[in-house]
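Structure first, commentary second.
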Amino acid sequence: MKLLLLNPNLTQAVTDVVLQAAQAAARPGTELLAVTGGFGPQVIGSRAENALAAHGVLELVAQHAAACDAVVLAVSLDTGLWACRELLDIPVVGMTEAGLLTAALLAPRFGVLTYGRRLVPVYRELVESHGLLSRLAAVAAVDVTPQQTFSEPQRVLAEVRQAALQLVEQGAEAVLLAGAAMAAMAPRLQPDVPVPLLDGVVCAVGMAETLVHQAWPKPRSGSVAATGGREVHGVSPALQALFARRP
Amino acid sequence: MKLLLLNPNLTQAVTDVVLQAAQAAARPGTELLAVTGGFGPQVIGSRAENALAAHGVLELVAQHAAACDAVVLAVSLDTGLWACRELLDIPVVGMTEAGLLTAALLAPRFGVLTYGRRLVPVYRELVESHGLLSRLAAVAAVDVTPQQTFSEPQRVLAEVRQAALQLVEQGAEAVLLAGAAMAAMAPRLQPDVPVPLLDGVVCAVGMAETLVHQAWPKPRSGSVAATGGREVHGVSPALQALFARRP
Amino acid sequence: MKLLLLNPNLTQAVTDVVLQAAQAAARPGTELLAVTGGFGPQVIGSRAENALAAHGVLELVAQHAAACDAVVLAVSLDTGLWACRELLDIPVVGMTEAGLLTAALLAPRFGVLTYGRRLVPVYRELVESHGLLSRLAAVAAVDVTPQQTFSEPQRVLAEVRQAALQLVEQGAEAVLLAGAAMAAMAPRLQPDVPVPLLDGVVCAVGMAETLVHQAWPKPRSGSVAATGGREVHGVSPALQALFARRP
Amino acid sequence: MKLLLLNPNLTQAVTDVVLQAAQAAARPGTELLAVTGGFGPQVIGSRAENALAAHGVLELVAQHAAACDAVVLAVSLDTGLWACRELLDIPVVGMTEAGLLTAALLAPRFGVLTYGRRLVPVYRELVESHGLLSRLAAVAAVDVTPQQTFSEPQRVLAEVRQAALQLVEQGAEAVLLAGAAMAAMAPRLQPDVPVPLLDGVVCAVGMAETLVHQAWPKPRSGSVAATGGREVHGVSPALQALFARRP
Amino acid sequence: MKLLLLNPNLTQAVTDVVLQAAQAAARPGTELLAVTGGFGPQVIGSRAENALAAHGVLELVAQHAAACDAVVLAVSLDTGLWACRELLDIPVVGMTEAGLLTAALLAPRFGVLTYGRRLVPVYRELVESHGLLSRLAAVAAVDVTPQQTFSEPQRVLAEVRQAALQLVEQGAEAVLLAGAAMAAMAPRLQPDVPVPLLDGVVCAVGMAETLVHQAWPKPRSGSVAATGGREVHGVSPALQALFARRP
Amino acid sequence: MKLLLLNPNLTQAVTDVVLQAAQAAARPGTELLAVTGGFGPQVIGSRAENALAAHGVLELVAQHAAACDAVVLAVSLDTGLWACRELLDIPVVGMTEAGLLTAALLAPRFGVLTYGRRLVPVYRELVESHGLLSRLAAVAAVDVTPQQTFSEPQRVLAEVRQAALQLVEQGAEAVLLAGAAMAAMAPRLQPDVPVPLLDGVVCAVGMAETLVHQAWPKPRSGSVAATGGREVHGVSPALQALFARRP
């Protein structure tokens, strides 16, 4: 099977690291197509960039999803998740959604750890939108940028370790590392942290593979059923066609 | 003061009816600038169109907000609301948000009435995202299209009346008519319905005027503080500049 | 239009400061009638005083509301709010209710700051009764009395600043100063606090003006509809008449 | 021990029926002092009457509680409950509160049945204020007045039976009859209804007796600790003294 | 009346201390039959031991409940509570359930204090399963074992005092001491702690006595109605008979 | 890899049908060991039988888990789920838990359909205990027994179809068929039902395979960490050893 690994921001390095994590996680026989956004934010670090990236997500699925069996949204705010589910006939999995659901299989309550305090409430809203607030111990952030992961690796490693341990203090029995660069640190930090450190990309690849294997039908009624015949303008012909096609 | 009345879909007729409602509601001295989306959905009737429209909202504020004192999102899913709050220094009010908050000032529990069953769960999610689920009696939908409001007015009027009365049965002590075309029916239906029938555009204009008058400062910390210096590509120069400017 | 500004406790100084805030906030053409309770608590600082003050609120509206277009409850526990909405045909707005709804227009999550630790749970219950608990970051209190605001202004200013900053630490992206004396400090503290400091009286005046302007009908069914013909004894003739009159 | 059975409305007949239920429920050695309100509503049938009755409750406890070991609020909206707990040193139990807690000991989810549709949301708010919303199946009302219980007993009996059975359909595994007159019907209806029909007065008497027996200390900190030294005016000397006394 | 006091673990010393607390709490005329588990965990200190103990609870009620008027589960995780309610025709009360409901009669919000950090989330889940999460201030644990209560009494006393005071800091206006050995410390600690320290066994005895006195019928429909005629194997004949008997 | 498929009740036919579903769902290379309870309920149809079955689950894992890579609880109340997670070092997945999490990947809100009205509240509690109540549209039941699935297949098929369609009416955008026998009907009913009909066993097998593949470490702190060294009596030597072993 072939999974579309979709990074809507413009940073190829993020796509690369996500692809690497996905490759390590994928089962034999799973092919991965990793794509990077063609317009929009360089990196998503704000509510407005996230809103903009939703369009980017739609354009990427319009271009690439037809050749794939499922989509993994490699963007930690699960941008455009339900829009894609509505628009496509194949499974779509968000990386943070998958991380949270995997955490729910391992621990009664879990924490989420990300870059930058200003996104803490945004991740809390995301967990709430997935209906999992009562399973959330806390959201924490390290006050470094994703970029510093590469320029000051020791410092970032130390901060992530400390923040993860503090989440454990606050009742987290598993921790989702919400950020591609952070996930790469999981193997190095796991020995120091007494609860599982989860990587959303790994979780999402596994869930996408499973959904493809199980082949549940898409809802034909309700709020994610195909609409068909919708008219949009000023977007790529591929996206226009995707909105217009009838189920 | 000058309010930007922003309709991100492409249907000028919707902008016109919204402007008419806003003009009737605005106080003397309030100027209204009503703008229509330049790309995106003809009408928003699905999750995917709503996701796409968020970009349209951002483009419209990038082009027009600088000359205005506040923004009213004349789109009943409050598309891009918090993104705009983050990006702009002026007040931003969503029409459904304003309708819900006004309902909260009039009635202990309220209902929401819209076009099309497939959007019922989406409005419920919207109410939940505003944190007002415990005040919600129910969301109901009439199974007609906005277009039929004009082509079959008597039928639509009858269906809206019936649905509003059913919401009252379900405990609604006020009803928000979520849909521009529907709101225009409020005066005709009000005599038949024993609870207030609210129009989100009217509510939003009042709240925007008040916020401009009160002049609260914008948060300088947290998840809607200005980011400044964000880099985005492939969008209009105006939007690029809006992301790039420093507070 | 004429707003009734209603302080059910017996302290004229509180009425004065509230009136001053309201005057500064009111639009041109808004007349204000500020009244002080005729019996009941000197200052509301406990659950029992608040329960008693509800009667005082009803007596004040019975005496003064007929000549007014709307009522602002200038009591930070929104005492008797829904009772007044049921009893009167004009809009009624609570100052904390209005502060919370305004905060909801500015910030995803907000804090409430008041005098005295013993009222912290009472404000939490109030926010919950308004259905806004999921938007609440925290309630904090300064351990000084309202009176000390005047006798030890520097100390109180310092404590309020510190408490507001701690609320920001706890995730508040706006702070409602719940207490008339405290609100007067907002302009002096705002430069030091990175999120909006809201005054409930200002918010309530704006919302009351808007509701009068919009003129929504009062519900004719449900739990705030006029009852009519209710018999009460041992209260003022004005209140007795208010209960007895038929809609 | 001596229990104060407190009916804040002015209808002696209600006090009588409540006393009768309490006498049947009380253990040997429990003395009952039943008192009726001296001012306020004839019967509580609205939000405003309930707000007014809170003052009546305070006056009654000021006059009578000193001679008693506990207070039972024989008013089905638990009017003034936490105010009394704060003001007094003896246990205070609300009749609906006690009915809900007893229901919680018998059934996973329960229903509440009352007179008059307009109070349905008010009872829902009461259950929510007690923190028991997740245990609530539904609130239902019969559309008759308490008075009709006596003038048209067969009709009321039939309506209550039907409403109770409908609550069972909606998932209630116990039903609280919230209304003194209704409770008297419980023995006659119980054979027809497959779940327990609870009377709040009976429940409250049992819980009050138990709290007296267990003699837990009153909180000395927090929101129901004694305040002491509060100044109120325009009320009875007894109530003034109760506010003023120091713990 | 005769109450079955049921300790499903194998430690007779726990049964003894529980019986002592129950005897001090019981009213004259209440007879107590205290029984200890015949198989299963020595002490319940984990989720798995709790799951196992449910069977032990069922065996004990099968053997002893027929001769009794009510059951008190003297196990602080309320193990098998609803199973017993379904299986038996007499009232069943859990000690933590009773402690929480009693706390609800005394304080707006309360805390729970137990032995061992690993059970903190388990108690939180228990409070949530009783539907009382909104009344919970926090759960705290002392990091000592129940055994140390006897071997190092001064140290444990000091730790419990400190933890109780910290719960008060976190908003608890009453504290339930969840653990038999801990409850015995209540009288010694109460003078140092400004809120009521509750013992679940005392609370449960009082509620069981009251339920026996009130004699509500058992639900004949719903999820705790008698099933009758259920077939189980490999358990004691008494338990087999209990499952098989028809109501 | 080898999965332990664990049916704690005594009905081999249920184990057989579950194994059949699991075999169809398993990936190549997944071996299945299906085991049936050695004591306890013939079929779980009540709260008490479910409580008893928890012991049976523990005995089965004590006997069989050592040779396996993960456990699937093939019991639709997820009996003993967290106890097993605590006790074992390998992944454990409940069939209803897995069904709910899979539904969460396909639909914003979903319904649960089971046999017998008396279990409806029990499933609701289960969904709540998984923290997914806000995603639940409703729980419905067909009033037939699992046995009738085989004796009256056409009737049961018709009732399940009708109940599933009613869940769709109530807002379910996916339906979990909670009951092994029911799941076998999914393929035949799917064409008539416009939303996915999920089988918990299929979902659980996929999630267990994925967790084995991803090899997250077990928490070493918190409420599901290994306890080690626990003493239990009167159970099988295997279970005794499982409780006693140190991590």
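Order as written gives the chain letters A, B, C, D, E and F; numbering starts at 1 within each chain.
Simple rule for what comes next: a contact is a pair of C-beta atoms (placed from the backbone, for glycine too) under 8 Å apart; a residue touches a chain by one contact, two chains touch by 3 or more.
It should be emphasised that the depicted structure is a prediction, and the values quoted were computed from it without experimental measurement.
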**Report entry** Smallest count of steps, each to a touching chain, taking chain A to chain D
**Finding:** 2
Requested in this report: In contact with chain A and with chain E at once: which chains are those? Just list them.
Outcome: C, F
Query raised in the report: If you take the mean of the Cα atoms for each chain, which one ends up farthest from chain B?
Result: E
Query raised in the report: Any idea if chain C and chain D meet via the same residues, over half in common, or different ones?
Result: same
Query raised in the report: Which whole number of Å gives the spacing of the CA centres of chain A and chain F?
Result: 28
Query raised in the report: If you average the Cα atoms of chain D and of chain F to get two centres, how far apart are those centres in Å?
Result: 44
Query - Per-residue multi-chain contacts in chain A, two or more chains - result: 82, 85, 108, 120-121, 125, 128, 134, 171, 173, 221-225
Report task. Could you list each pair of chains that touch one another? Result -> A-B, A-C, A-E, A-F, B-C, B-D, B-F, C-D, C-E, D-E, D-F, E-F
Report summary line: Residue set of chain C touching chain E in the complex reads 120-121, 125, 128
Report summary line: Note: in the complex, chain F contacts chain A through residues 25, 27, 82, 85, 91, 93, 97, 101-102, 104-108, 130-135, 168, 171-174, 190, 194-196, 198, 202-203, 206-207, 209-211, 213-214, 216-225
Requested in this report: State the interface residues of chain A toward chain E in the complex, per the touch definition above.
Outcome: 108-109, 134, 171, 173
Report task. Mind listing the chain B positions that touch chain A in their complex? Result -> 10, 38-42, 45-52, 54-55, 57-58, 80, 82-87, 118-122, 125, 128-129, 221-225, 227, 230-235, 243
